[in-house]
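Order as written gives the chain letters A, B and C; numbering starts at 1 within each chain.
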Amino acid sequence: MLAKIGAKSLEDLVSYLPADVRFNGKLQIDDGKSEFEIVDYFKAAAAHNANGYASFLGAGVYNHYRPVLVDTVVSRGEFLTSYTPYQAEISQGTLTSIFEFQTMVCQLTGMDVANASMYDGSSAVPEAAMMAVRVTRRDRVLIARTVHPEYREVLATYTRHQGIPVDEIAYAKNGRLDLDDLKKKLTNEVAAVIIQTPNFFGLLEQVKEIAALVQSKGALLVVVFTEAVALGLIEPPREADIVVGELQSFAISPSYGGPYAGIIATHEKYIRQIPGRLVGETVDAEGKRAYCLTLATREQHIRREKATSNICTNQALLALMATVFMTVYGKQGLRELAEQNLAKAHYLAGKLPLVFDAPFFNEFVVRANGRTPEQINNELIEKKIVGGLPLGRFYAELKDSMLLCATEMSRRQDMDTVAAGFRA
Amino acid sequence: MIKKVSKHIVQNEPLLFEQSSPGKWGYQLPPLDVPPVDAASVLGKENVRAEIEDFPEVSEFEALRHFTRLSTWNYAIDLGLYPLGSCTMKYNPRVNELVARTEGLAWAHPYQPEALAQGCMEVIAALERALEEITGMAAVTLQPAAGAHGEFTGILMMRALLEKRGNARKKILVPDSAHGTNPATATMVGYSVENIKSNSRGMVDLEALERAVTEDVAGLMITNPNTVGVFEENIRKICGLLHDKGALVYMDGANMNALVGVARPGNFGVDVMHLNLHKTFSTPHGGGGPGAGAVAVAEVLKPFLPGPRLKRAGDKWAWNYDLPDSIGRVRAFYGNFGVLVRALAYVMAHGGNGLRQATLDALLNANYLRALLEPYYEIAYKAPSMHECVFSDDRQAKKGVRTGDIAKRLIDYGFHPYTVSFPLIVRGALMIEPTETESKQELDLFADAMISIAQEVDQNPELVKTAPHMTRTPRVDEVRAARQPVVRWKRPQ
Amino acid sequence: MSYPANYQYTKEHEWVLVDGAGGTIGITDHAQHELGDIVFVDLPKVGTTITKGQTFGSVESVKAVSDIYAPVSGEVTEINEALSKAPEKLNEDPHGAAWLIKVKLANASEAKDLLSAADYEKYVGAE
């Protein structure tokens, strides 16, 4: 090969790099390791984490069972090691599965159009806000304080230099969005109002009432979800203009915060304003049904500085995990799964002092009864249980409270231990 | 002659929704160990949905067959060379998949107490250190989810530094050969974009750049090696030009597979750059993602990194949220951790020497293909190629055959096409990146295919223009898809 | 396709037919040919003011977007609604049925410095 290219050695291949640019040192990285050693290293690292603990953490990341079929499917090299399906003729597998994904996201959320995925729920929020700004040609955004605090931080980062002022809407005594505060702040300059349901405290927001209010002022309602399993049981936010959310609950392992799969869904009339990749149905040269990426002129590789977003790589393989999960559970299973979550959470909540009085799905806020949430958690850790999320770091006024989550994975015996921990 | 592929049975398969039967399911939940609750009474009747209309109803085995059948309609790196330029489609080692699924890592909750997350933090710290070493930069953040997300993070930091110095400035310079994400990113950070022409050697035109660098310029976004696979030999001078005017240099690291162990951006004047872990560091593309867009910065930008940051607290790791100058979060939690695990496994398997060897092998493979193909296709620029080579379809266009047609014909020969019609500065571009993980045999087969197609263009251009002929699905009507968008299935009325 | 002699043209490949105080605007056959199969046309709302030399809309093919520049200034009085359902008309009859917008001219003399059909044909021949 060297002879063919007229080089004497491999080093010749970098000889034309300017001398003041070439790196002549040796990278200070240990010598290459065998497969066995690598597996060992990561096992050792994992041993420094929580192992064998029951967990009652939720707050945007949920412990749900992952059906075996999910990894069976995504481990197939044809899905795992293919690129973005730009060459439709040899990508019909990926394209068809994304079309099914888009369809299921629409069925779940009550929307007409969904894209092929976003990075995660948090980054989908500013994308929805930017979309609302394009649609309404207004520039202000309101976001409920009951939206995941880290999602709100991401929104602030994204909007800071785009001339999009963001204001927060307070929550009422019952932990839901304060309608009076919304009315006060909802001016004619508002492009989008962003709420989450179930909200960060696990409570259902009054989507219908809020939508009517928001839309009467010509703004768009963006509804966020972090717990997708809830959509198996609760009424989807059909009145929303844009729905964004996180599908981590659908067979995507918590994996210390990522990779996950975000979604964005909307109505047909806004299809040209949606960011990211879209798969569309068409026909091939023989007239048979086929799929391809479509409406690409919205995207950065064509519209460059005028694109709807800079997003390029998305979360296709995670979206496929979610697709397999939705298929395995199906219409009946997703509902039963949601019902189990509801039952477990209400069982645990029934034994504890709740802070808010409003309908909740599988998360709820509990007061630590004279002690600190950290004290309770430390005692639970002794019993191999990771308790809830102390809320003080995000809500100073709730520093005596924690957010607990129960899923189908929570055992009754562990829930009883948690409940006893609050009484101790 | 087509050597690599033969005819093969492929199964047809309807959509899930079309094969659903009421009452079928593929799951099994354990019996509830707590009393059931009535959803309508605890949630309110108005909050409970009737059913998820038309949601799939299939058995477990039907589900497995469905996705297995669909998978056979895909091409993949596991089936052969995937020479997409700028995409670095290399072998995805399977040990990486295994370690990413290690129980204690895969099931770690981002909010579990730091004392019970030390293993994850160690992995993050180890990868940050390795990437600092590889790039020669002062610090690395692993928070961004993808390359474009990394660009966004990097330009936000540049803006934050300039604001701190008193003037955020107005525009970002972008060479005309750049990826579309560069200008799209600059816009999202509130900058206008000015394009810089490339010269006749495919590099940034120094004079044009010099004219463009004014006090209004916040920085330059440069890809190096650039999208024609050529190293910007004036990179030091370019960085100097920007720095002299108080502006900064962002390097798009999409092509870092050409530089690892050979040149370090931190040593030639770059202020901030991203790495696509799903390119250079072998994490699988998965049909479009996930990726991870690590961002490396020079000392001057360290205070502006997104938070939280890892810090040492005694003999433990802790997350530091007290970062007054930070640009804030660009996403929830700490990054695409599962992707980071895979990238670290790749670095460990290679070691310092192995990483450098991989780079040289990537250069060898690209230059070998260039040498084989240059007699048949017009090389876009004579300058030496690094990890990829770019041709134009000039010779073939005379016969009415364009790069897109040649690409489709390559499919018949059993290969995924190269990158088509990019970069924009090359008329009818064929952008070919074989990566280091291809054998001479596979490269020879590919070159044979390309040469055979060049001959077909001369003898029977129609054959090429109507390709592919061997696939389950012939050419797809993209115009119809765009004119009447159908982006979801609906039950036929 | 021939370029009607009673139209006037821009170097950005738009045409305008001036009729008293009004004008009809479209894109040229050369422009539609360069773009290929047109899949979407984005037009301003009736009542919008357009300014000579500035963009007022765009035309899209599968893989390209082209801005449309106003050959004259004025107020949009009518848009060609048929194009939203059938953008392919722009490929078929760009100088006729597939006009884009009608305007009330702000300044009729603005059209004077545009290209004649003969000059435009010479211009695209050289391009």
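Everything below uses one rule, namely that a contact is a pair of C-beta atoms (placed from the backbone, for glycine too) under 8 Å apart; a residue touches a chain by one contact, two chains touch by 3 or more.
What you see is a predicted model, and the numbers here were worked out from it, not measured in a lab.
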Out of A-B and B-C, which chain pair has the most contact pairs? A-B
Which chain is in the middle, if each chain's centre is the mean of its C-alpha atoms? B
Whole-angstrom distance, CA centroid of chain A to CA centroid of chain C, is 44
Rounded to the nearest Å, the gap separating the Cα centres of chain A and chain B is 20
Cα centroid separation, chain B vs chain C, in Å, comes to 39
Multi-partner residues of chain B (each touching 2 or more other chains): 478, 482
Can you list the chain C residues in contact with two or more other chains? 40, 60, 62-63
Identify all positions of chain A at which a residue touches two or more other chains, and write them in rising order. 297, 302-303, 306
Residues of chain C defined as touching chain A within the complex: 40, 60-65
Complex contacts: residues of chain A adjacent to chain C: 272, 296-297, 302-303, 306
Within the complex, chain C is touched by chain B residues 421, 478-479, 482-483
In the complex of these two chains, what residues of chain C are touching chain B? 37, 39-40, 60, 62-63, 87-88
